[in-house]
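Okay, so chain A shows up in both of these, paired with chain B first and chain C after.
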Partner chain A sequence: MENPANMENAIRTLRKKEKKKKRTTILCGIISIAVFLCVWQLLCTLKIVSGDVLASPLQVIDAIITKIGDPRPDGNTLIENILSSFKLAMIGFFLALIVGLPLGLLMGWYRPLDKLVKPIFELIRPLPPIAWIPIVIVLLGIGTVAKSFIIFFTTFVPIVINSYTGIRETNQVYINYAKTCGYSNWRIFWTIGIPSAMPLAFAGMVIALGNGWGTLIAAEMLASSSGLGYMIFMGRNYGRIDIIIAGMLVIGLIGLGLTTALSKIENYVLKWRINTK
Partner chain B sequence: MKKNVKVQVNNLCKSFGDLKVIEDCSFQIKEGEFVCVVGPTGCGKTTFLNVLSNLLEPTSGEVLIDGEKASPRKHNLSFIFQEPSSLPWLTVEKNIAYGLKAKNKDKKYIQEQTEKILDLMGLQKYRKAYPAELSTSSEQKIVIGRAFAVNPDLLLMDEPYGQMDVKTRFYLEDEVIRMWKELQKTIIFITHNIEEAVYMAERVLILSNKPAKVKDEVVIDLPHPRRVDDPRFIEIRNYITEQIKWW
Partner chain C sequence: MKKRILSMFLAAAMVFSMTACSGDNKDNSSGKSDGDSITISVHPSGHGLPAYVAEQNGYYEEEGLNVETLVYIGAPPQMEAYQTGAWDIGTTGFGGIVLGVAQKDLKIIGLSIDDGALMGLWTKEDSPIVEAGYNEETGCYGTAKDWKDAEILYTQGTITDILLIKTLDKLGLTIDDVVRTNMDSSPAFTAFKSGSGDMVQANASFYFNAEEEGWVPATTGESQEIFLPCAITASETIIKERPEVVEKWVRAYMKGVQWIKDNPEEAAKMFVEFSEANGVATDEENALKFVNAQVIDIPSPEEQMEYFAEGENGTVLQDRLAEVMDIYIDMGNYTEEEKAALMEEDSYDSSFMEKMVEE
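After this line comes the complex of A and B, so read on.
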């Protein structure tokens, strides 16, 4: 019916188009950020906004560069703060992934487990992550374990919900097909359930990572002696607006980096999902 | 040439609660035979196939393949569904190999069989492509190919081309007939399209309204490829239409 050579070309063209579209998206992003920074710089240079409440982009960049090797005012260099925050976020996120992903998938696939775990899960689910911070400080102090625990809870919930929903929405036709092939339920879980749950599970991980990173900063502002959240909190105490904004910028950039990295992994793992939009 | 009985259905009944869907169906299908099952819309055709394929347990009666109770674990059953069912996360070649892996056959056999089917279906060119990258008819070719790949004792097809345009439908029907001739498999093809049934089958079983029973059977002795404007073709088609009428 179709000419195979034509088909191959069509596939190649489709993939090329995808790449071009991506390039345009990136370009648009750069333009909008550049415009934003210019307006901000102008506001400060023309003294429309006072230097006491807003540092200019150039001052912020200066603060970031100085802070890389200078522990003042909060007692840690920027690198130490980044590493401290990053380490906690990763510990919490991966723990949640290791526990949450299998739990969500198994709950979605095996009804008895669902009935057993769901009541507890539903009780925990509506709790805002920040509400965990006071009790965690009381129980575990302000160390690594305490903060990892907070991140764990923040990231755990979206990971479980999304992998659960993802596997629940497995197309029954695929399951029936595997059954008629003679596959056991366990192998259908692995070969049909898990792959078809992956798009939603990944969406859950992206949400989780974003939430986790945000909550970590909140936790560090309340209970910590290092980290990016601690840094901007101390910046406020010392009235260093440049440090506050520098901290915010770094937090934003790392958050963006994490999400981008995860999307890269997602696109690789889910390369079968051809974007036809 | 006298062929062996491949599929034996004895007094098959299926009810859902009080609703009788299939009542006392009995028939035989010979090895390598191509049988179409037609019936009025909503007469329980899909339930009929689901029972035959063991996706549903019969209320009473039995389905025997080679004299043994049919089971997906023991027999190679292939099912082509109404909905597109190629697995989107697997490439064309992995889709074809998927069914073969169920019975843990050795790697070399799986590879050889996959190559053979890729050749037969003309899918070699896009073996590394994902189903979403292919056209509807190519995607359906994956499904046909993978159904034949497992060397099925019985291939069940549930109105697979009902929703498709005429050109694609005839193309895929010809593909199925070609593969059937090549590999000599036993096929039960369910459809509500009488023309489709007369175009493909060696024998047509006509089901009655719900609860479904085998009302009549028609042997179609026309050689393939068939012409839909052949007078004999039209005669058979009209006869079946007359039998099926419920209005």
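After this line comes the complex of A and C, so read on.
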């Protein structure tokens, strides 16, 4: 039996090492982004790349700052576009979560349901979101529901797959132990299966959220009067390369922010994971 | 440490690779510049039809040209391709004129169909806009009250913007008073048919599809007096370095125009082929209506020279373009600098049409 004080010291050292590693990772990230931006700026300043082809980082930053209060050229300010896209992405994501998470868990736990649903799911799974557009227009129109549906399909698949795989990987020893204790199948599913599936299910949610946010362009391609994808389209129609790159950058930054936030939520909700490591 | 250096190197490499394929594309002569080879770009629409006719009827061979045709569904991809040096000569609408002539180095060397001729915002027969009746003064159906907050499905950045603004202006409204939903023509048509929106853009060949559906043109290019020709454009490089090739191509294109004028029924069949080969469905009956109503009116070289003649502030053509640009500038879509670039004398070259007139 190890001394608890030694254990605590070991954990403290481990945490310190982890913090240092994290700091190094962040620093490396900042340096590589800075190098990337400097090289990009240099290429534009020295006119190695034409301004018609690629706006410089400073022009893009200027476009972002200007767009905060200026609706030109697409008719909406940046904030309005962000809120519009955010609304779409969140509706699609939460719908996929509400439908996909229980479906994946139940499919993974109950074999008859798995046999029944899996063929349909496998059929739908490889379809790219853009392929849904013509049928979505006819069935759901061109409003928020229709666009959210496109995002729903992108986010639904990783949520189902990961929650399905997560619950299928539940340790059989725990299941057998629970059975020995007289737990019903439903109780085992609820108290052992679901918690076991959560780490993978959360990983699926992070992937889904990133995918969903990235599908905005496809969703807003359907029809739109606001949104970041719309802003990019309008930038293209009016030959504004700075607006196009600004839109791309904002999508990337918000996507990063969303997945980071979800990872934080995951760490908070699944705090107990540390005990199993 | 090695890993950090490697990651920085990869970041730098990424920027280089991102920009490597672009470069400065002022030299837009295509890779096929030997002899009389040329790459052209068109849309699967009325201004692209004479080029298709020239190809099908062997006019390019007659001129000793080896032409590769690139078809783009709209101006943005067409002009992005131009930026990469994909083509030398192209026909395009107003959006393409701004993106290519004002923002790049393309020059207008001739004109094609009138974009305003078959342009309309359509609504359903039972809509309050139609029920309110047609107003001769405003040139549209409905009152300001009917139009307010109406959802209009159309492709923004095209000449339909001008139709909408002119109509709204007559009604005492602005673009902020309606909901503008950006969509391509084909999905917009389907969406409107399925019950979305209050009005839909149906221009060119779609005009007759809308008519067939029993829809009513709430406002049209004709009623709002929009008259704006599409353009034949060529790169500065090819005009300077191989003017004889440009001349041959213009001659072949104008032969195509003449053939369409002489054979509208055959031309309609060709338009169906041309559209379907490029993923735009149309039928022969509507194609014939379209040819007769729009394509047949492509100005002859003599008529084209009238556009290059002196107008109020510049040439007649420049005055037309300036009027439209002013509306876009008011909307915040384009800038005064872009208008100034479009107004430069250097952006036009009527010498090829002059030669066609002489011949």
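Points to keep in mind about this one:
Here, the second predicted complex is superposed on the first by the 270 of 277 C-alpha atoms of A that agree within 3 Å, B and C clash if a C-alpha of one lies under 4 Å from a C-alpha of the other, contacts with A are read in each partner's own complex, and residues count from 1 in each chain.
Note that in this section a contact is a pair of C-beta atoms (placed from the backbone, for glycine too) under 8 Å apart; a residue touches a chain by one contact, two chains touch by 3 or more.
From a predicted model like this one, the values you see are computed outputs, not experimental measurements.
In the superposed model, A:I124 makes contact with neither chain B nor chain C. Judged by the touch definition given at the top, the superposed model places A:R273 against chain B, while chain C stays out of reach. Of the two partner chains, neither chain B nor chain C is touched by A:I135. In the superposition on chain A, A:V173 contacts chain B only, with no contact to chain C. When both complexes are overlaid on chain A, the residue A:L256 reaches neither chain B nor chain C. Of the two partner chains, chain C is the only one touched by A:M234; chain B is not.
When the two structures are aligned on the shared chain, A:I68 is found in touch with neither chain B nor chain C. After superposition on the shared chain, chain A has more residues touched by C, the comparison being chain B against chain C.
The touching residues of chain B, when paired with chain A in their complex, are 53-55, 72-74, 76-79, 81, 83-85, 87-91, 98-99, 102-103, 122, 124-126, 129-135, 137-138, 150, 156, 171. Residues 1-2, 4-5, 7-8, 11, 14, 171, 173-174, 176-183, 187, 191-192, 195-196, 198, 270-274, 276 of chain A are the ones that touch chain B when the two sit in their complex. Put simply, chain A touches chain C in their complex at residues 28, 31-33, 35-36, 39-40, 43, 47-50, 52-54, 70-73, 75, 133-134, 137-138, 141-143, 222-225, 230, 233-234, 236-239.
Interface residues of chain C facing chain A in the complex, by the touch rule stated above, are 4, 7-8, 10-12, 14-16, 18-19, 22-26, 75-76, 79-80, 83, 95, 98-99, 103-104, 153, 155-158, 175, 179-183, 187-188, 190-191, 194-197, 331-334.
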